[in-house]
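Structure below; questions to follow.
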Amino acid sequence: MSDHHFPLRVYIEDTDAGGIVYYVNYLKFMERGRTELMRSLGFGKAAILEEGRMFVVHGADVRYLRPAQLDDELTVVTSISKLARSYLIFRQQVVRSGEPLCQGEIKVACVEQASMKPVAIPGTVHSVLKQQFSLRK
Amino acid sequence: MSDHHFPLRVYIEDTDAGGIVYYVNYLKFMERGRTELMRSLGFGKAAILEEGRMFVVHGADVRYLRPAQLDDELTVVTSISKLARSYLIFRQQVVRSGEPLCQGEIKVACVEQASMKPVAIPGTVHSVLKQQFSLRK
Amino acid sequence: MSDHHFPLRVYIEDTDAGGIVYYVNYLKFMERGRTELMRSLGFGKAAILEEGRMFVVHGADVRYLRPAQLDDELTVVTSISKLARSYLIFRQQVVRSGEPLCQGEIKVACVEQASMKPVAIPGTVHSVLKQQFSLRK
Amino acid sequence: MSDHHFPLRVYIEDTDAGGIVYYVNYLKFMERGRTELMRSLGFGKAAILEEGRMFVVHGADVRYLRPAQLDDELTVVTSISKLARSYLIFRQQVVRSGEPLCQGEIKVACVEQASMKPVAIPGTVHSVLKQQFSLRK
């Protein structure tokens, strides 16, 4: 799988009094990228929720390199760096004109909605991800 | 009932690139004020949700007078201006040192969670609100 | 001018524990629509800020009709219902498959950034808006 | 220095359609905690900005352990784990009734506002932080 690219625009809602994108919001941008990667593979969020499971973020390790500004056009670049039975790790970058502004590794686990306990990623989802993931190397 | 007062602080998360509080966030401040008014009457959000009903905002009419800044200490002043069978209207102000920055009328309806259709406000909630409301005049 | 249409997707960041779009966030959606309308006329936010003026929201009157859900594809429909010397009023709807979910009138004023006092909308911006606005009737 | 404790309440604005606190928002909670720690030492955000410098987050490494719910009362526990010339690292936890829900290490750098380049933390700020930091051991 080649990296997934998702374009977005910076709006005033994304900025803070420093005149730049509020750093917390890059995590929202990254989630949009992951969501669209999953959607491009045929999995809307709704699909997962129907089985009483959901994906939740268990960890985020983010580095900020340069600030984005109001009106900037950004791209979220997403790949899967690890796929396990009950979780996966996304490697993501938010870039502007090819220049990385922010990069992160996000660990997303599949949990049972009622108990919030880790469970196996649904079979159909896992096999599609595995196929994509192995194609990558 | 005298007006309900709820204090809050402006954090960087609340601001935008204009260097002031992002106007949309006053609606969050107002909701915190309404939530705390209800809590002061003995009604946490959870209590309502348990009966399969929930309060949802059906309308908001907001005027912005002066901007708030980072670090400002604000107060949300809330009263109930109308109480009907299935909805109520809150009159709210966000003030700084007694000076109004933002004022609004928020119409909040009680709906059945499954259908999102209006239903009567639960009896215990309604009677407490009515008592408070009538005391006001 | 025909109405301006701006499409957007609902992400998890837009929702709340009620399982629907958090009502405050429709105001963000509407601002994206206004921003893109202005951009389509040649005016990025940056252009306004350069003259030491900025647009700020002075009032918002919003009605909520039906809730949007996670993953929904929405459209923000925007027109200008009034154009004055120092402010304009936008009429906006957020729709899903042609069905209105939320509608609002947003009053946006042009202010001097330093003082936050109302000033005339920059001439070039005003004349383009006026031309668009008069074409409408 | 003993750890700094900052209490907060979970409002509907903090939650998502999963019925829990949206994980991105813990970063907002943590920033409130850091801001109040700095304020308790005599440094409002405004003080830093006046010298043409500002603190920006350069990195965040966050682990999510258990979800918080609507209405929860949380505490942000903050300490400084490293103090360098131009940056510091905060160690933070968001806890509920003593139980950690989320923990993170946040690297905050001092930059020149115009260039966004790292600069030395202002002397008065650095010496107070150093004093607090050394007291800790």
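A, B, C and D are the chain letters, set down in written order, and residue numbers restart from 1 in every chain.
We adopt the following convention: contacts are C-beta pairs under 8 Å (C-beta built on N, C-alpha and C of every residue); 3 or more make two chains touch, one makes a residue touch a chain.
Predicted model, so just to flag it, every value in this text is computed and none were measured.
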- request: Please name the chain that ends up farthest from chain C once chain centres are defined by their CA atoms averaged.
  value: D
Message: Per the definition at the top, count C-beta pairs in contact and tell me whether B-D or B-C has more.
response: B-C
Query: Per the centroid of Cα atoms for each chain, what is the distance between chain B and chain C, given in Å?
result: 24
- request: Averaged over CA atoms, how far is the centre of chain C from the centre of chain D? Could you give it in whole Å?
  value: 34
Message: Counting only Cα atoms for the centres, state how far chain B is from chain D in Å.
response: 28
Statement: The positions of chain A in contact with two or more other chains are 12-13, 18, 20, 24, 28, 31, 70
Statement: Counting only contacts in the complex, chain C reaches chain B at residues 18, 20, 23-24, 27-28, 31, 54, 56-64, 66-67, 113, 116
- prompt: Which bits of chain A are touching chain C when the two form their complex?
  reply: 9, 11-13, 28, 31-32, 35, 44-46, 70-71
Message: Under the stated contact criterion, what part of chain D meets chain C in this complex?
response: 12-13, 15-20, 22, 24, 69-70
